[in-house]
Structure formats: C-alpha cells, structure tokens
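Here the chain labels run A, B, C and D in written order, and each chain numbers its own residues starting at 1.
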Amino acid sequence: MTDAAAARRTYSYLGPAGTFTETALGQVPEAWGQQWRPVRNVGEALADVVAGRSDAAMIAIENSVDGGVSTAQDALATMPGLRIVGEYLVPVEFVLVGRPGTKLEDVSLVSAHPVAYAQCLQWLTSTLPAHAHVPASSNVASAVGLIDGTSDADAAIAPPGILEHHELELLASDIGDNPNAVTRFVLVSRTVAAPPPTGADKTSLIAELPDDHPGALLEMLEQFATRGINLSLLASRPIGDALGRYRFVIDADGHIENERMADALLGLRRFSPKVVFLGSYPRADRALVHYPERYSDDVFVEARDWLRGLLSGEPQE
Amino acid sequence: MTDAAAARRTYSYLGPAGTFTETALGQVPEAWGQQWRPVRNVGEALADVVAGRSDAAMIAIENSVDGGVSTAQDALATMPGLRIVGEYLVPVEFVLVGRPGTKLEDVSLVSAHPVAYAQCLQWLTSTLPAHAHVPASSNVASAVGLIDGTSDADAAIAPPGILEHHELELLASDIGDNPNAVTRFVLVSRTVAAPPPTGADKTSLIAELPDDHPGALLEMLEQFATRGINLSLLASRPIGDALGRYRFVIDADGHIENERMADALLGLRRFSPKVVFLGSYPRADRALVHYPERYSDDVFVEARDWLRGLLSGEPQE
Amino acid sequence: MTDAAAARRTYSYLGPAGTFTETALGQVPEAWGQQWRPVRNVGEALADVVAGRSDAAMIAIENSVDGGVSTAQDALATMPGLRIVGEYLVPVEFVLVGRPGTKLEDVSLVSAHPVAYAQCLQWLTSTLPAHAHVPASSNVASAVGLIDGTSDADAAIAPPGILEHHELELLASDIGDNPNAVTRFVLVSRTVAAPPPTGADKTSLIAELPDDHPGALLEMLEQFATRGINLSLLASRPIGDALGRYRFVIDADGHIENERMADALLGLRRFSPKVVFLGSYPRADRALVHYPERYSDDVFVEARDWLRGLLSGEPQE
Amino acid sequence: MTDAAAARRTYSYLGPAGTFTETALGQVPEAWGQQWRPVRNVGEALADVVAGRSDAAMIAIENSVDGGVSTAQDALATMPGLRIVGEYLVPVEFVLVGRPGTKLEDVSLVSAHPVAYAQCLQWLTSTLPAHAHVPASSNVASAVGLIDGTSDADAAIAPPGILEHHELELLASDIGDNPNAVTRFVLVSRTVAAPPPTGADKTSLIAELPDDHPGALLEMLEQFATRGINLSLLASRPIGDALGRYRFVIDADGHIENERMADALLGLRRFSPKVVFLGSYPRADRALVHYPERYSDDVFVEARDWLRGLLSGEPQE
C-alpha cells in the first residue's frame, strides 16, 4: 500500500451505486477520487464515522415532499460525536419501470422505497387506484429486485438513471407528484470546529422542551425570534419514551460565530434540558442570510461595551 | 340477504388479519359483528370512505417512537370530506421470527415494516450490527413473505400474535426499544357533526402558515396559548411545493363546542390561509382536560353579554 | 323661561374663561350657544354629568409633555356611568407675565399650574435657575392671583390670551419647552351608545391586571396585538391599595363596532378582573386607522360562517 | 473651617423641615450628623448633585396612590451623570388644618400640594363636595401659607407633624383615602459603581421604544420576561416631542451583577434607541427576589462554557 493510498479519505453513503445519495456525494469536490463506501442504512453510515471507518457520511435529511427523514434525524439526535459540515441538494425525478414486456395496465404490485412511494402517491392513486405497495430498501433495490427475482412486484419506482444500468421497460416517466421536488442531504463528520461563516450559513440543532406546559414551545421559538433569526426547518420527533413527548429538529439561518446565533444558543441551552448542536455550515443554495440591522455583530459588541461601562460606574453619554 | 345484513356497516382497515390496525378496530364496539374490509394502504382505506364503499376507516396516525405516520397525515390534509370520530391506542410489541430452523446468529437480512423497523432499531444495531433492512408492506406481510417465498430475508419483525397463525421460529421477543410503545389510531368517517363533548376530548387540525416570516409559527401557537389550550401534538409536514414550506398537524385538548376551542378556531381561521378541521372526539385515555378557570364557557358567555351591553349603551356596573 | 331656553344643553368645563379647556369646548359645534358652566376641578365637572346638572363635561386627559392628567384618568377609572364621546386637541403656548413694572431679573417666585410648570421647566431652569414654584389651580388663576393680591408670586405662567383680559406685564413669550406641545381633551357624557364608526376612531379603556406575575401585562397587550390593533396610549396608574399595583389607561385605534376591536374587548374582559370601557369616538385628527387586511370585518364574518358549518357537520370546501 | 467640617457630606432634599422627604432622609444612617440642604424643587435637588454642591439628593419617585412623580422621573430621564443608590419608604398620613377658630363647615378653599390633594380626593369629595383646590408647593407650605398670610385658603392638607411646629386648628385627621399609602423615595448620587448585590435588589431604568409599531412594547417587556425578571414598576412618560411618543420608567427585580439582569440589559440596549440605567440598589423592604432556578447565575455560566466548547469543536457529552 502506498502512502498516497494510506492518505485517501473514505466516505460512506447509502448504496448501491445509482442512488440519489451517490449523486449528492458527487457534489463534494473533496470526495472526488477518494474511497466511496456504500452502506445499507443511515445508522451504518453514521456508525462508520463514529468508529473511524469513514471520514464522513452523506445522508438524506429532508425532502420537500416527504419531510424530515426520520431515521436520520433520530440517529443524529442520539449518536454523540457527530457534526454536519455541508449541505447538498439533489432534484428528485422518478420513473415507473417493469420487467421487459410488462404493460402499465397489468401493474398491481408496486415496489418502491417508502419515501419515493410517498412522492408519487397522487400519480399512483389516479393512475393505478387498486395498486398495493411493496416497500424496497432503496430507490435502486426496488428495480433490481424485479430482475434478480427477489421481488414479485410488477413494477418499481426508481430514478431515471436506472435505465442506463439495467434492462428494464419504461412504463411511465415524471411520475413524481411535484416537478420541483428536491432532497436535501448533509455531509456528517466527527465533531470539529465549524467551517468559517460565509454569510450564507445554516445552523442545525435538536432540542427538547423543559416540560409539557402550554407555552414551552412558544418560549423556545422566542429564543430565535427575539434575536431576529429565521427558522427554515422545525420538525417534531417523538422522544420515544411516552406519547406526547417530542424533541424538535431545527435549522436556523446563520452561523454559531454570528453574535445573534451565539446568543440564541446560550438562551436555548439555558432553557432546554437537552440541546444537541449539529453544526453550522454553508447553505447549499448559497443564499445570503438577511436579518434586521439591529441584530448585527456590531450591535452586540456595542451593548457589551456599554454594560461594561455601567458595571464600572463610568458616566453614560 | 336479510334487511339486517343490508344494514351492516363496513369498516376498512390495513390488513391482512393480525395487524395492529385490526386490533385497534376490535376496540370499537359499534364495529363488532359488522363487515371488516382489509385494504392495502391508508389511501385506499380513506378512499373507501370518501366513495361510500365503507362507513369508516381505522388508520394509524401516530406512534410514540416513530412520530406522525406521514402518509396518513398527508392524506387527511389533502382529501376533503373526512372527519375523525374516535381515537384508539394499541400497545406495540415485537418479536423477531425466521423460517423453522433459522438461528439468530445467521440473520443478516431483516424484513420489517419501516415503522416497526424504526421501533426496533437500537436492539437491531446492538444485536445484529451488520444487518440490512428489507421494508415490508405491513407487520404481517414481513413474516408471511418468509414462508410464501416472496421475500429472501432471513428474519422478520412481527407482532407476537403471528406465531398463532404461522409456522415460524421465534428468534427473539420483546425486541422493541421502548417497552411502553403505543400506536395511536383514529377512526375516520365522512363529514358529520362532532360527537358531543365529554370533558375528555381532543380536536385535530391541519393548518398552514400565512408566509415564511420568523414569527408566523409563534403567532399560530398563540391562538391556542391565549385561550388556555394545550397541544398534545404538533408535527410539521412539508406542503410539498417547495423546501421550507410546511403545514402543521395539531392535536389540541378540548372540543369544538367548548367556547375556548371555538374561539381558537376562529382565530386560527382568520390567521391561516388554510385550516382543515379534522374533528373533535373523545380521547382514547378518557383523561379529563384541565384548563384555567378563566377559559371556562361561563367566562366567554359573560364577556359576550358584557359586550352586548356596551354596544347598546347600557351603563356598566 | 321659554321652551327653547329649557332645551338648552349645559357643558361643564375647568374655568374661569380663558383656560385651554374653554378653547377645547369652543371646538364643539353642538356646544355653541349653549350653557357653559365653569367649574373648579375635574371631579366637579364629571360629578355634574353624573348628577345630571350638565349634559357633558370637557376635561383635559393628556398632553404631549406632561403625559396623562392623573386626576382625570383616576376619576374616569372610578366614577361609573360616564362615556367619552369626542376628542379635541388644543396647541399649548405659554407666556410669563408679572404685575405692571415687574422685570424678568426680579422674578424669584413663579406661580403656575403644575402641568404648565412642567411644560416650561427647561426654560425656567436655564433662565431663572433659582426660582421657586407656587402651584396655581389653573392657567388663568396663576395670573389673576398676581392682580387680586391672593398670590405673592412675582410672575405667572399663563396662556397668551391672558393679556387681552388683564392688565399685566409680558415678561417672556413662547416659554414652553416644546413648540409642538398639544393638550388632548375629551368630551364626556353619561353612558350612551357609541357614535357610529367613521374609520378614524379611537377606543378608550381602563383595565386592571389579574395578578402580579411577570407576564400579565404582556398577556394583556397581546389581546390587542393578536388582533392587529395599535395602542396610541398606554399609561399605568396605581390602583392605590398597595405599591406596585397598577391599572392601565389605554387608547386603542379603532371602534367597538369594528369586529377586531369587539373581539379584543371580549378577550380583555375574559382576562382582566376589571375593565372599564370609556367609549369609542372619532379621533381629533381624523386620521384613518390602518390595519392589516386580515383583521377586517369580512375576515371575522367569514370565520364565523366557517365555524358554524363545522359545528353543523357540513363538508368544508 | 476644621477638617471635620471640610469632610461633612451634603444632602439636598425638598424642604422646608417637616416634609415627608425630610423623614425619608432621616432613614439614611450615613446622613446623620451631616449637612442637610433644603431646596425648593426636584430639579434643584438633582442639579445640586450634578454640580457637586451636594453629595446626594433625596427625591420622591412614586407613591402608591398618585403613581410616578412625573417631574422626578422626567428629570432622571434627561439629566446625565446621576445614579440611584438607595430606596426608602415613608408612610403617608394627612390632616386637615385651619387657622385657629376655623370650623370644618366653613371650609371652601383648600390648599394642598397636588399629590397630597389627589391622595385625599375621595374624602374631600364626600366631606366638602363644593371645595376648590389651591395647589401649594409642598405639604408644609400649604399650612404655613395660612399663617403667614400668603394664602387665602380656608384650610390646608399637611402631615400630622405640622401641629408640633405651628399654631393651627386640627379640623380632621386621617383624611387620606388609603390607610396604607406610602411614598417611595430614592437617594441619588453622581454616577458610581452599584453597591454590591444583596439578593434583595432593584434595578431602575428608563427606555424608549424603537418606533411606533403594535408590538414594540411587547418586545421590550419580553426582554425581561424571557429572563425570569419581574417588573415592579412600569410607567409611561411622554417623550415630549409629539403626542403618542413615550418613554418607559421601569423598576426590575434584581441587580445588574445578576447574570439574568445583565443579559436583559444587553437585550434592552440592543433593542432600544435609548436606555438610561439609573442604578441597582437594595430594596427598601429588603424582600428577597425570587426567580425560577433556570435563571440563576450558575445556569448562565454553564451555558457560556458549553458555547465555548462548541466553538472550539470539542465533542459534547
């Protein structure tokens, strides 16, 4: 083994080749030419990172139709030692494929990853009202199962690229209910300091509420609103110990090194019995974060100087 | 066919026999001795009700580990003409089963409904760290697939009752990560007036936010908080047209015929571009709703009398 | 006495002739040619109305420099059976006058109504730093006292018009600290229905907080904010039974017949242990009230129709 | 002049001897045996401190019946270089006195300081319904004027102690409307560091709102509520440049050296276009400040440590 090989970095992702996750990983220049390690579930991908088998893992975290990808959110909430370092968007398109010779009118059993299934549900309901769903483990496995005989489904939902790799009949294309559907991926590494602020950053958090009183969630949201911070994601996930107990998955506009975000994190930490900071990183869309001028770094610094003056007994101007 | 038979009611539920949904339906006295219609997905169950093929459908809406069952929530958000009329809880227990002769140490491919899979994930991760997941369409289909040859999984996650119906090897029991796990089901009919208040009621709603500004969610939650109404569920679901746009699935303590709830609904309707009222119905746990005395019906009635007096120009006491 | 005389209306106001209050009463067309009754304090003016000796009383309620006129606010809070029916603004200008022959440099004792004194304090502090203040009962009495020998002050603060009625030396003019100072007056009658909405209305209220917890005032203000209602006045007045207990004097933009205001009043009544509605009446400046479209009457009416449909079990569109 | 004389401290107060302000000054042990300087108005007292003629000034700031003493509040808002260092309470009792031989039934003109007048208004209205009010410059001057001929009033409202110093007829005693009335005084020095926290402290502030939008006051109050800080005083005072523009006089429970108060001051400073910190000082009643445990100093310190760890990239426990 050469030194060069020894220095190669390893990236885990949900395989096999052809998944949207692989497409996302292809957007990471640092990953080009490195070792890509296909795994079978999100937990395995993150465990690779925690155990040091991989340097980073690419995982789907949200898509515009199906919402938070719950397994990923729950894994990030409970596995310590991880940090999100980048965000990537992949447009989502689906086709319906069958074994050669299959006709659309013959399809009654449809194999599909549950998230893909949800994204095509309107099309399926109107086109194939009597269909049944056989869940598949990935958007590639659904189609491969038709060929290798492990699935008795009549058709499969898959990404359009599947036709380049496998001998399959195209039954319908563009079957996603939303032509603008996008899946959001994040690249996760072991805990490191955040990449420097770019002005177009996002901070991901998971927080629990102190107890089940009517205003607790309101109070948590005020930690952000009172610092001029917009939330681009707020999803509730059950903590799992009892019905009605939730943790909240939060994406907030801005970076931990922005004064307003640091102050909101302090407020959140004081308020919440458990906060997990998942990272501050550049937004995939590179859109600059806008916020009221009164929450700029300067204003925070000036206020601290003022307070210091008050404490020392200096006259105020 | 007798008149009695003609008058039988039909209930759709996620089949086949043996699912947790069937157990939930067994809790409905009005359904005993009626026609039970197994269907293959939630959309089909609800479509049965809309089309008049069934009088009601039992669907899983939330479980304490996996959170909102997204397909059900999305279907209720978008299919008009439905109303929740009852709530039922089913404790969730799982076993791992294989074909006769299988040993736990030989298992690498596990078939499981995605929700069941999520509920056993910790156990699987520690006991079978290298396993892969093959999603199944129900908690019964996972096990049946092992026997009828449609699945090449080595083992399946299923409810304990599966062993009474099928020749299977019990590999492990009580494998759910949370011994108190419960799934919440709702019974859905066509739109009708709500059943009368019992003092232990719940109101289900779906609401969109007016636009993406920092305070919109805060403002929506205030509609409830300012009327002393506790929320037992708040889940965000993507609307689906763009990343970052959500609708909220809400369960609020109380009944639409409670003055405070009616007032909150008015406030919500004025605030939100789209509100779907899913129903007011008795809570499964029959726990009385507690609220501050100042939000009692009397207080609302007295305030209206007072306002009427002001408008007419009568002297106030 | 003729019938015409018998039908004349009586208006009480703080006399004597020449006060700003008389100027305000001159702005009321209905009062022209009627009986004007000068009284010696606000309590007397309001008691005239309550007892039926007068049809209405003009009283000063706020000025832009000195704030709420406490005696008037407290009287309105505690005397039942009154209602504000109109609002009037009078620009405030002051002169310093002395007995004939007095020179400014000889002045050490200044007679002034306390409110006028406060409005000229900066001028007095810089021009006559060693002066002492002798409070007078009105802006006219201050000057009259110099002449009739009841005051040993050297000079008096009075309205410019004083020079037309009395032989006095003008020592300085335009001595008010704020060239834009204005006093706000209200016309008070016995309880009657409010005059119809004009689109440029104001509603006056007095409300107590339920108890002394950190959020009570916040919660009261939310009754208005959550209905898009701006407050043009919020003044605290001690209830008087203990330090730290306050009632709040409120002027809110809009009319009790506006749906959003009626709804806010209902919320306030439910929240507050004591609310006094003082009236809805046209603003003196006739400025149209602006509010977000979502708080228009239509929106309220539509929401009530929607709620009625839900209660009856009609399908929602 | 001896060294001892040179070292004597000077205290300004509203004279003459016999006022409630003098009683308040008598509660200050450090002032015993020092130089007491009677002055004629609050502005003069504070100007003495600013100019160095006095070391401190005792001024009335609030009483339980009449509310904020506006002149004092306005002076503190606009005169720089001052700081409140102590708080004192004086119970307020009033008698009605006349020249020897006067009978209660003969009284029609009553001399009284305006605040004292307001505190006896109910008694006067029921006992002497036709009286007129002649304002006096202090609670002593009202009575002295009867004797020295400078007032043509028939009777005066004064503290009970007045009978020890002057030959006057007692016409009625305990005429205050509220038997528990108390006036609150503060001792004001030049700007110095605050005395150390005692656990029973108060912080006085004056703040302006950023602009006239419906939620600005709400937002200011949230700066305190979100840090568990109770307000014992909130009074609005017109800024004076236009009707409807107010500054707020605030007393908050706690000390600037408490973490939660320091953090609230930072928030207030960032929010408000103008904040005047008037001081943190022990409460007159020595009542310990209670606050939720989650706002204790420890919690703030721990949160800062946590944030520091996040920024450096250390793993979180």
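Throughout what follows, contacts are C-beta pairs under 8 Å (C-beta built on N, C-alpha and C of every residue); 3 or more make two chains touch, one makes a residue touch a chain.
Bear in mind that the values here come from a model prediction, so they are computed numbers and not experimental data.
Hopping across touching chains, the smallest step count from chain B to chain D is 2. Common neighbours of chain A and chain B: there are none.
Rounded to whole angstrom units, the spacing between the C-alpha centres of chain C and chain D is 25. Spacing of chain A relative to chain D, judged by their CA centroids, is 57 angstrom.
With centres set at the average Cα position, the gap from chain A to chain C is 59 Å.
For chain B, residues touching at least two other chains, in rising order: 222.
Taken as a contact graph, the chains are arranged in a single closed ring, with each chain touching exactly two others. Touching pairs of chains, sorted by label, consist of A-B, A-D, B-C, C-D.
Taken in their complex, chain C has these residues touching chain B: 80-81, 83, 190-194, 210, 219, 222-223, 226, 256-257, 262, 265-267, 269-271, 276-277, 294-295, 299-300, 302-304, 306-307, 310-317. Against chain A, in their complex, chain B makes its touches with residues 40-41, 43-44, 47, 62-68, 70-71, 74, 89, 113-114, 118, 121, 125, 129, 132-137, 150-152, 177-178, 180-182, 184, 212-215, 217-218, 221-222, 224-225, 228-238, 240-246.
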